[in-house]
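Order of writing sets the labels: A, B and C. Residues in every chain begin at 1.
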Amino acid sequence: MDIFSNLAMGFGVAFTLQNLFLCFLGCMIGTLVGVLPGVGPVATIAMLLPITFGLDPTGALIMLAGIYYGAQYGGSTTAILVNIPGEATAVVTTLDGHQMAKQGRAGVALGVAALGSFFAGCVATIFIAALGAPLTRFAQLFGPAEYFSLMVMGLVFSTVLARGSILKALLMVFLGLLLATVGTDLETGQERVTLGIQQLSDGVDFAPLAMGIFGFAEIIRNLENPEARDVVRSKIGNLLPNWSEIKQSIKPVLRGTAIGSILGILPGNGAVLGPFASYAMEKKLAKDPSRFGKGAIEGVAGPESANNAGAQTAFIPLLTLGIPPNAVMALMVGAMTIHGIIPGPQVMTKNPELFWGMIASMWIGNAMLVIINLPLVGIWVKLLKVPYRLMFPAILIFCSIGIYSINNSIQDVYFTAFFALVGYIMIKLGFEPAPMLLGFVLGKLMEEKLRQALILSRGSFTTFIERPVSATLLAVALIMLVIALLPAMSKKRDQAFQE
Amino acid sequence: MSEQISGEPDKESGRGILQDVGAGVFLILISLFFLWQAWDLPRGSLRAMGAGMLPMSIAVILGAGGVLLVIMSLVKGGERLTTPHVRGLFFVLGGLILFGLTVRWLGLIVAGPLSMMFASFATADVRPVEAAIFAVVMTAFCIGLFKFLLGLPIPIITFI
Amino acid sequence: MKKLLVAVAGLTALFAGPALAQNYPTEPVTMIVPFAAGGPTDIIARLVAEPMSRFLGQQIIIENVAGAGGTTGITRGAEAQPNGYTIMMGHMGTHGAAPALYPNLKYNPAADFAPIGVAAGTPIIIVGSKKVPAEDLQGFIAWAKKQGDKANHAHAGVGSVSHSTGILLNSMLGIKSTYIPYTGTGPALNDMLSGQVDYMTDQIVNLVGQINAGAVKAFAIATPKRSPALPNLPTTKEAGLGGYEVSAWNAVFAPKGTPQAIVDKLSDALSKALDDANARKRLDDLGAVIPEGAERGSAALQKLVVSEVARWTPVLKEAMAAQKK
């Protein structure tokens, strides 16, 4: 078998002392920076990319990949502990993960996230090694029209995120879509709703938005209800999931891995949908969906696996086509080019050591993450014991430095303050921020793809139905919407009967 | 799932503004703001969308949703708004803004302790001495981590 | 007391001024790169900054300040203290195309800077999808003219290098293709591989992998000389489109008012850095073009900026006005 000899070569490259060390170092630094509230993988890699420039190409990429996984995982840790998602894919983890932490089950949530991610990472590594090349052809089926339909499907998922009123959740999605229109118009370069602020011409940044609306608004809310936040401190339950919790998580992990792996291959950041899709699926399949949003372990296990699987398979378009599917991968391209490796379809044949070494290091990186993080779980959970009067100023300083460092910009710090105010108002008004963030993330892609598809079809909407993949996706979205609305309707009917 | 809507309508009867009335007004205001800002942008047609097409149409939907919320809330009642935690808002947001004002001007060595100290007062159980020591220690830690370990170009001291 | 202070301040100013320039640099120099880490400009900046640091005897720290097609970072650089401790890496977009694309631009590329020198440029290549029925530039031109607005021209977003250079190509040829905007070269290339879009122009760094693998058709490279990275690809001049010579040049600038002695020192360090064997090799690998002889230094850069602004402004203004209708 070719794969095995190739993988063996890869492990040969990755298992040198130097590369193992770099992988470990990358995972460690990535975790530590990624765990900073609001600083997700993109920001972490952008900050740390320069420190890899002095290494040899394979070592640099191995370390960078380590930083990537570390940051990804670190972001989930923050989402669970302090309810601040570092990037879009961690938004879902806040829903049940942070609830679990509030119930004193932070250790369990972190443990399940680590184990689920590790499993997903292992599967995804094999997936890439075995199917990477043929799968790129699948990705080629996705043009703008297909993407748009996929995003529509994603928006339908968002209604499932709602814990309270579906109407209010839907309106939050629209608010997110609206926020996503801020910035320079794609086609004409006209500034839209930027108020003349130069920073806004690239649109609203995810980090200040998420940090403000989730993190700081949550801090103010916690300051308001001292009782609520002390619950977190008083009960520290198990540090690791017990057997029944693991058993509960197995199926969600399997399903999450499958969903995440497939969506991750799509060029153009399909991976972002993975955790949302997984969460939606688990909630639909659950016997008692009302547990979701109140600390359901499946709501952490599934999305976290999907997240990590997608993070991994997102390497496929980069490694086989040389096309970066998202911002993280674009940074990887930069790292490759600075080392004189021009990414493209020939990397696999021209630099096989690099290619297979990197794939092998993905697996090693995942293993390292578990090794690094399981002991850290204890430390993270202990951090929750820090009195809140000290905790929130600490979060504030980390956030401030993190947000400043992403673009070396103080405006971003002010934006964070502004969004914190908005987020607090939204909490008071009973709105949930998660659907808004999903709308925001999908909105940018959606408008881009919608307009590309319409220009390509010269203004004909039938393009979305004529193309088979797109039509299928739209049909799935429609069916899901009907299923989502049915229980709501039947509830209304019950209500009508009662009255 | 929808306890808030289908629950007993008057469970928190009393005075104050209905939460969903506030929520609706909030959305209507945002909608109006975007409509105002995007008014002058070319809307184009469905065949050839202009820059203003999507902001305008989404804003209209959002505004309509806001109106719907207000009406439903007035008909069915629901939760009331609670008073905002002004102290928390002021000191936490103030801390952020202080950081922004001072970090490039004076450097992290001032911005760090200053913003942390200020923010500490957001809670009534603040202990000033403890907060001050903690702020200085954390800033030293951050300088070590970000500046020296990670080599980020964040200004440390700029006033000498 | 006050008088004393004034006197002291005056004295320090008197001595500090020339002393500063002579001993410069006594502390690390910050180079603002107006794009995110990892992009072509960032890579060139880092490759050049490393040997420059050695010749200056002080480290050059790269500070990435991305946003608004690079104009955010350059605006900040233009407003920095002109003491030689803040310099910046401008490029074709920020110092050529920006005045036409950003009506509220807060700086004047030709007047608000002390030019230090051109660092390196990356050549532009015209590529097409495999579905385009043409094998050379002339065949492509004939095809594109015949297609009219049926041809799909991809670009990586308003203000990007591929956008400006693409508009210039179309306007020179009188082609009326339909523009398909993307948010980066990656997604645009992806749709070109699957044949949804027909052609685009972009920097060699982004394309060389795809061209070598035969995934896209390369028609010509817009430089006077062929690139060693793609020796078989004819130049635009060879292929009969001599006027279309463009490159995404990158150049080092200091804020206006930086003392001449410091500018000269930096200019000299940059020139030496470009002769550094290691930096040269890495730049060659990227397919970058290194300025030689008279193309180096402050005067050459100033001339380049003036001519580039004059070249891009009318073409881009016309194209943007046509789109906004």
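Rule of thumb we're sticking to: contacts are C-beta pairs under 8 Å (C-beta built on N, C-alpha and C of every residue); 3 or more make two chains touch, one makes a residue touch a chain.
Fair warning: this is a prediction, and the values are worked out from it, not measured in the lab.
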Per CA centroids, the chain at the heart of the structure shown is A
Max Cα-centre separation from chain A goes to chain C
Quick note, more Cb pairs in contact for B-C or A-C? It is A-C
Rounded to the nearest Å, the gap between Cα centres of chain A and chain B is 22
When centres are defined as mean Cα positions, the distance from chain B to chain C in whole Å is 38
Between the Cα centroids of chain A and chain C the separation in whole angstrom comes to 33
Contacts with two or more other chains occur in chain B at residues 42, 153
Among all residues of chain A, those touching at least two other chains are 50, 185, 187-188, 190, 408, 451, 458
Check: chain C positions touching at least 2 other chains come out as 62-63, 324
The residues of chain C that touch chain A in their complex are 36-40, 42-43, 46-47, 62-68, 71-72, 75, 101, 104, 106, 152, 157-159, 178-184, 186-187, 189-191, 193-194, 196-197, 205, 208-210, 212-213, 215, 282, 285-286, 320, 323-324
The chain A residues in contact with chain C across the complex are 46, 49-50, 53, 139-141, 143-144, 184-190, 196, 198-199, 201-202, 267-268, 317, 321-325, 329-335, 337-338, 340, 342-347, 407-409, 448, 451-452, 455-456, 458
As the complex stands, chain A meets chain B at residues 29, 32-33, 47-48, 50-51, 162-168, 170-171, 174-175, 177-178, 181, 185, 187-188, 190, 192-193, 195, 216, 219-221, 223-224, 226, 289-290, 388-390, 392-394, 396-401, 404-405, 408, 410-411, 413-414, 416-417, 420-421, 424-426, 428-431, 447, 451, 454, 458-459, 461, 487-488, 491-492, 495
Chain C residues touching chain B in their complex are 30, 61-63, 324-325
Interface with chain C, chain B side, in the complex: residues 42, 153
